[in-house]
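A, B and C are the chain letters, set down in written order, and residue numbers restart from 1 in every chain.
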């Protein structure tokens, strides 16, 4: 008899994300074990509980999902979890990181862009680029050969983020830009065909006038669902809407693909026991949905 | 494929009520997500997790149960949860409050009374009336047109409780009574056909002598299962037992109907996504079991 | 319709043991309610939630598993849980203690021994005998009529442990031994056919030279899986391997029987509602797998 599919949810928040719980069930996890308030030092026992309870052949029916609202804490849990697997003996389970939806959101945004643009060699701007979604979007765009500009109000933060982002096979890292006023915004947008707005909820990053002056812009994607949206003139439900030569996607317009990607990743984990699904792997899966 | 029926249990206690967990499963919840130690400020994310994960058509397969031992805290969670639903877009799920069994207990007690008495215009006394069950019993009796007397050892508390209870369609609110001795008890019982004893566990509220002197009393219901019971001469298993002209129901005698009501409410929540099951709605459902 | 099989996991640790969770599911628990950080004063409500929600005939579909890493805390939870059952009214559920795997590990080790030796009247040494596994192994060996020697580096601790161990039907309690050097080890091993090493992970208790000088030794079982193992020359995977006249079992060699015993116990609990599975009962069940 096949083992029941167990998804182990590790979450650093005090309450395990209910969003992640519902999606896990809808993606086909038959049993969900949610652990909230997880500290890095607790991960060893949890991982051992995952890998020492079923034979190696059955370990594809156990998987770990690391979520919650705190992305840095989740990344620490991921590193810790990986360090306690024992791959030499086949004692590992597939694992996915999607704290705050950062990986699935970035993957869906970039996947949407590939439907309209050939990104190889193309100039792209990521606003709010130092946040979890922005960093991942920049990484994915870079992996596709785009010339990525990563913008922040704070140039130093942009620089630091760019240093940490290493797109595989890309010739260059993202370029840091400071964008704290309209003039800097126009400079950053200059020559760009794509802009992804990945700033904080409820913060406007692009005004309508700047958009009009950006002659090369073909596609604008905003991942902020809380008014005011990140891009003036864009609607949260936009899903390929064209206005004055620009194609728009709002947060909800990207949301369906994000959700499908999330579910596809969970299903994928139950096919083999050696997956590590972070930004690049999740982007690959987003292409299949 | 139909979505699995997910019940979300919100509980302010450190351990989620196991009573509520077992009943949820036996009532047909296919998946139970229990959240313990829930603080009001955590409710927003939880509600958003409930309403943003499934399409509006599927939201009837997600529901929220608010329980636990702390009734006031649970009422606060209910208010918070309702404030974060988005009914204008159909983004809501059904929700039920039954902290400490207060709603299902009060509903079952009053439902039992309607099997023996026509409550319209009838004088009824609720002892321990300022507690969660007492207040709800008074509300339900008032909604049926009874002349409700709400008694407490402390008159001020009785007065305050009466002010907060607003039976729909009733001409009058409950009347506050102080009952701190036998004389006051007899005054409060005078003319009453029904008494519901809803005091603390293990506290006697009516002695046998007072019962005998209450000529109009036809039905006595005690909701206290811990000896000494609230009403002298009554047995915890009494379920319509008649002795010297009075019909008796003890806590266990009422319990079966309470449990059936609880389960019927949970089943009902999975039929539509816009129910708010508090005292009056739960009483309505108790009539159907 | 049969009630779903609910296993209630009580765990004093901050995160409920994931090991116990997975095994519970694989053993056939249809619903698992995990309670972490359980304090003794919380047990009453939990037990009442277990016994007051289903009729006595259905209570065999509810069971309690007490696990976690803290054996003393778990034993306290067990005592508390038993005190809140109401057997006179059939209001009880089956309950099992296996904190840190202590009972199933000891049972599997002694069961393995019975396959090779007749233990009645036989001298047996338990090293690390004051720990949870060592105490239980000594109890089980004693119940089979063995002459048990319980060793610790600290003689007083060994004495105290021996006082607390009361094998049923045995003529004598275990004898305390101090083993803090090779000479004391040889004395303790003198005449013994069996040694069980139940010390802390990563601590060597028997060196190869002492083994060779123990002419009567026929079977050596080590329950420590972390190098250095407890017995020099033994391998963690040993499962009946013979070398120079001694049969060896390592921790993983015993592990399969331990796991089968664990699962059999959980299945057994769902057959009746009055089981209390502690060391002796779990050993009995280990004979059936």
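In the analysis below, contacts are C-beta pairs under 8 Å (C-beta built on N, C-alpha and C of every residue); 3 or more make two chains touch, one makes a residue touch a chain.
Predicted model, so just to flag it, every value in this text is computed and none were measured.
Annotation of chain A and chain B: jointly contacted by C, touch as defined at the top.
The rotation relating chain B to chain C, fitted on Cα atoms, comes to 120°, given as a multiple of 5. Interface residue usage between chain A and chain C, two copies of one sequence, is largely distinct: under half of the residue numbers at the contact are used by both copies.
Remark: chain A and chain C have CA centroids separated by 46 Å (rounded to whole angstrom). Chain contacts: chain A has no residue touching two or more partner chains.
If you check the complex, the residues on chain C that touch chain A are 14-23, 25-26, 32, 34, 69, 259. Only residues 3-4, 6, 8, 31, 33, 35, 37-38, 42, 45-46, 48-50, 52-54, 62 of chain A touch chain C when the two sit together in their complex.
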